[in-house]
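Below is one structure, written out as structure tokens; comments come after it.
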Amino acid sequence: MSGMPPSLAPAAKPGAKPATRRVAESRDQADRARLDAAMRGFISDFGPEAAVYMEACLHCGQCAEACQFYVETGDPKYTPIWKIEPFKQAYSREMGPFAPFFRAFGLTPKVTLGELEGWQELLYDSCNMCGRCSLVCPAGIDIADLVEKARHGMFEAGLVPGDYLGALAGKEQETGNPFGISREDVRRALLEIGRSHGVEMHVDEPRAAVVPTVSSIDLKMYPASIAATARVLNHVGASWSFRTDGFDADNVSLTAGDRTGQRLVTEAIVDAATRCGAEVLIMPECGHSYTEMRWEAANTVGHALPFRVLHMSEYLAECLDAGRLKLRPVTPDPEGRGVTFHDPCQLSRRSGRSDAPRKVMAALGLDLHELADHGADSWCCGGGGGVALINRARPLRDKAFAIKRRQVADTGAGTVIVSCTGCRQTFEHGFKDAGGETGVGSLLDLVAGQLEEDGKTP
Amino acid sequence: MKPRDTLGQKLAGYGISRRALLKFAAAAATSLALPPGVAPAIAESLSGARRQSLIWLSFQDCTGCLESLTRSDAPGIERLIFDFISLDYQETLMAAAGAAADETLVRAARDNHGKYLLAIDGSVPTAEGGVHSMVGGRTNMDMLAELAEGAAAVLAIGTCAAYGGIPKAAPNPTSAVGIADLVKEKPIVNIPGCPPIPEVLTGVLVNFLTFGRLPDLDDLGRPLAYFGTTIHDQCYRRPYYDQGKFAHSFDDEGARQGWCLFELGCKGPTTRNACASLKWNGGTSFPIQSGHGCLGCSEPDFWDKGSFYTSLSGGEGPPWDAVGGAAAVGLGIGGAAAFAARRSRAAVDRQLAKEWQRDHGATATSKTEEDGP
Amino acid sequence: MTLLDFARGPALYWSTLIMVCGLVWRLAGVALLPFRPDRSAAGPQSRGRVRGALGTIVSRSLPRRTFLARTFATVVVGYAMHLGLLIILLGGAPHILLVAQATGLSWPSLPKGVVALASAVTLVTLVFVLVRRCTHPVLRLLSNFDDFLSIVLTLVPVATGILLAEETVLPYRTLLTWHILSVEAMMIWLPFGKLSHVVFVFAGRAVSGAKLGKRGATT
Amino acid sequence: MDERDPFLNALMGEVRMLLSRLLDDGGPGQIDLMRLPMPPERRQDLQDMLGRGEVEITLDAAGTSLIRETAYAGVWWIEHRDRGGRMVANLIEVAQMPAIVPPTDEEMRASLAALHARDMKEAGR
């Protein structure tokens, strides 16, 4: 790493060229060059771990049985390990221990651009990177991790699907959020939410022990959640502040496979939190951004983070434990149907914190009816990994969502509690598309509504 | 035909009765694996058979075969067969020596041309024109070529004559070979064993005298009646093998219990011979019964098949240093492959870093340098 | 030199060396790739990388209940085949002997009947695996030449081993020859094809187990 | 012994078949016990199964032979030994009388001739 700690480095210059330039350029690149770019994207940051995964696959097919896209459609092409097939081939030819022989004897055909185009649907539309397949694999192959690497290659070859995902990622690089909202607009919007919801809002304070981040989706669709964040942090008496220079945690670039964008977003947040001396960085109720910040950011910036990274439900659970968060139990619903809870894959399965949201729900006195598969075994809502951002994938997403709908129905619960904005959106769409009547509730919103005010700030 | 030329007459002359001959025929039928009902026919046929001339040559041998065949402590009835055979020439047994012996050989070969049986024990050295074994100034090769030409059939007695045996064992300084490697035109029966079982030779002779031809042979030229099954198949310890009970050393409990000797290197499963059924020393015992595994002495190249105490499934795996060498080679190639992969990855990383530098300038908190070469 | 001598001599020698060389080659080829240290902070329920790796090596041998309904056939057949192979390899007297002669280690053998039953089960499951690979849509899509060759190269030694133990059809020596040769063919192919999973499934489990174990996630 | 030894049961079945054939005038039959897997215990079991009849003949011709009727009339146990006492053949013979026992006409004629010659010699004395 360079001598200058990233916290002192200037933020991304406004004039810096966004990576969309490369996407646009790639349209005109010769196929060959795009292919090479794909392989480069794939093998960069490819280490012994990924290589072991590549060598270990038995072709046993069990991962198919763990994937909702296969289970609900019965189409074998949705077998998780098949989704990275061209990259497996590329690995054999370019990086594997027998690569020289594979090349010399042509044992593995060179991947073609046409193949990669054909794989676009498999790598983007039909993979949530939820890691359920990684859990069933008898060889322990982290297929979700390999899909992430494969998407790097796809991005480099200009094969990010639709303009939607690509454009979102591009805007993210320009402005730090996928909707292209300027810092000033963000600041105004946050203050406005504080005013309209009657909650004290802290924005861009120079010093703050707790820095929450949010999803820009919340800014537009669920402003109440942002107000809830402020309300809870005020309640626990934290010194906190939103930072408009590191505010949006969506990291759409990560799901798009754009490492440059991913790194810019990550660095911006790390820098912002470091600058105000944060002790805790709270990730919003959103999955992939949490794993990125929690488990990868230190490697991206090249040093251990000077603050802790917590998911909102982890933070709530900690405050409960410390006695700083006091909650009134919810009034039981008259029908007595209770609630069920959808585990966000990245928190429960990928990070091992299924306990945190349950601790919070217990404090709320919720009548929790667990899904048949919950915790680490939970099925993804079908929207993760950026799939929710791909318009054309909606029919497939709805199909995959069927398993979730069935399991929710089986509990008899009237409401599904979620703790991830992405999941929340997918559930609302999914229930709407299927004409269901099950309600969807945010854990944070629930908490914010049940705060026990003990004469402190109202 | 003179009356005394038939076995019946000769036996009568010895005071051997019809019943004795019948009894012998029953024993011969047993040992030749013929139905017991044919014993009377064998007896009748033997009784009318003509005296058979036999010339016995000893080449590169140890005389163990002859010892085995003649040193029966209680001469049984098969001894009579040898008596009936006109053993016209046998250097070890005959009284004549020197020129007189040579003359005997020449006369026997001339008088019975085309009809005599040629028995040979010992291998034939072929190096340097065969000078490593000579009798009366003539090489074994010469004698074999000349005498085989006039023989009705050739009996290769013992493993040396049959397959070269111990003289042929690596490095085989005399370039020893078995009879079948040199004699191509005559029927040959191999009676291997180190030494061979006497009853087998008797059986072959009875067969020849009774039916006028050699018995059925297997693909290694051995009489099927005696070499059709493996020692393992007939071994009385076989049930222990099937039960998985093995002696692990020559003095453990398994050895005392008489369990299978497979693990101690017994070659029974790959050795075809009649030891386990006919046994040795008048039916007293055979090697496995006395607690030692079969050496496989009646099989070709038995001396060169590794240790007698290496079990059959063992085989000759590589020594540890060779395994270590292979691992080192693997490490080298694998390391080279990984090095090549590292280089191509490093090139990619460098290029990406350059692009980053170009696009984002000083923001580059480079992550590429920290990965090794 | 007979074919059996060849099988027990040079063929065994070289196939062993090729297997060792190939496995080390393949392992070194991946292990020596540039490794990036993980700087992230461990999770609050972290078991650490080492315990995560070791735990996962064990835990992935046991089917997870939630998947079992859909993977039942694969799991049962996989267990039957691998346990069968294990019984044959570790319980069959001639195999123990082989190890004893190479290393000096020895242990009691299982009764022949048990080994025979295990062999029969293994053979049947291997045939089932082969048929299923040809018929199941997912497996058909995933399978390549390597998969089929690897199954056949496992099946043939089992089949010849059964014939050898029962001493039917062909003479012992012929069967022994083909049994040894077929095992050697398998050994030669082992490092280069799917059979290398004897090493790499554990490597794969260890790698993801270390990662998830550090996080404190379910492995 | 194990009464249910399937091997011996099969052997007894063969004996029964040979005896029935003999009665149908199919001629005598033999079973060669030395070619069969016969550990000493099994041999003893077989002998016990067959039992002992009333006739026992010792034959002295190039060694001793034992010819013994079993408890089943017409079924004979035969052991041929050479001069060293080693068993060279072991048979079950199913016949009115084992062929080796009764003298042949030829032998009797030779005996008659010998007796005749003896009378001549006595008369001439």
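The chains carry the letters A, B, C and D, assigned in the order they are written, with residues numbered from 1 in each.
Convention: a contact is a pair of C-beta atoms (placed from the backbone, for glycine too) under 8 Å apart; a residue touches a chain by one contact, two chains touch by 3 or more.
Owing to the predicted nature of the structure, the values given are computational and were not obtained by experimental measurement.
**Q** More C-beta contacts across B-C or across A-B?
**A** So, comparing the two chain pairs, more contacts are at B-C.
**Q** Hey, how far is the Cα centre of chain A from the one of chain D, in Å?
**A** 96
**Q** With chain centres taken as the means of their Cα atoms, state the distance from chain B to chain C in Å.
**A** About 39 Å, centre to centre.
**Q** Counting in whole Å, what is the centre-to-centre distance of chain A and chain B, each centre being its mean C-alpha position?
**A** 75
**Q** Averaging only over C-alpha atoms, locate the centres of chain B and chain D and give their separation in whole Å.
**A** 37
**Q** Going through chain A residue by residue, note those that touch at least 2 other chains and give them in order.
**A** Counting only residues that touch two or more other chains, chain A contributes 45-46, 95-98, 299, 302.
**Q** Of all the residues in chain C, which ones touch at least 2 other chains?
**A** 25-26, 28-37
**Q** Could you list which residues of chain B touch at least two other chains?
**A** 333-334, 337-338, 341, 345, 370, in rising order.
**Q** Please give all chain pairs that are in touch with each other.
**A** All touching pairs, sorted by chain label, are A-B, A-C, B-C, B-D.
**Q** So in the complex, which bits of chain C are touching chain B?
**A** Contact set of chain C toward chain B: 1-2, 4-5, 7-9, 12-13, 16-18, 20-37, 93-95, 97-98, 100-102, 106, 109-112, 115, 167, 171-173, 176, 180.
**Q** Could you please specify the touching residues of chain A with respect to chain B in the complex?
**A** 1-2, 4, 6, 9-10, 12-13, 16-17, 19, 40, 43-46, 94-100, 259-260, 264, 267, 299-302
**Q** For chain B, which residues are in contact with chain D within the complex?
**A** Residue positions touching the partner: 16-20, 22-24, 26-27, 29-30, 33, 35-37, 39-40, 72-77, 80, 234, 236, 277, 282-283.
**Q** Which bits of chain C are touching chain A when the two form their complex?
**A** So the residues of chain C touching chain A come out as 25-26, 28-41, 43-45, 56, 60-61, 64, 66-67, 70-71, 74, 78, 136-144, 147, 192, 194, 196-197, 200-201, 203-209, 211-212, 215-219.
**Q** What part of chain A is in contact with chain C in the complex they form?
**A** 45-49, 51-56, 58-62, 64-66, 70-71, 74, 76-77, 79, 81-82, 95-98, 134-142, 294-299, 302-305, 308-309, 349-353, 355, 373, 375-377
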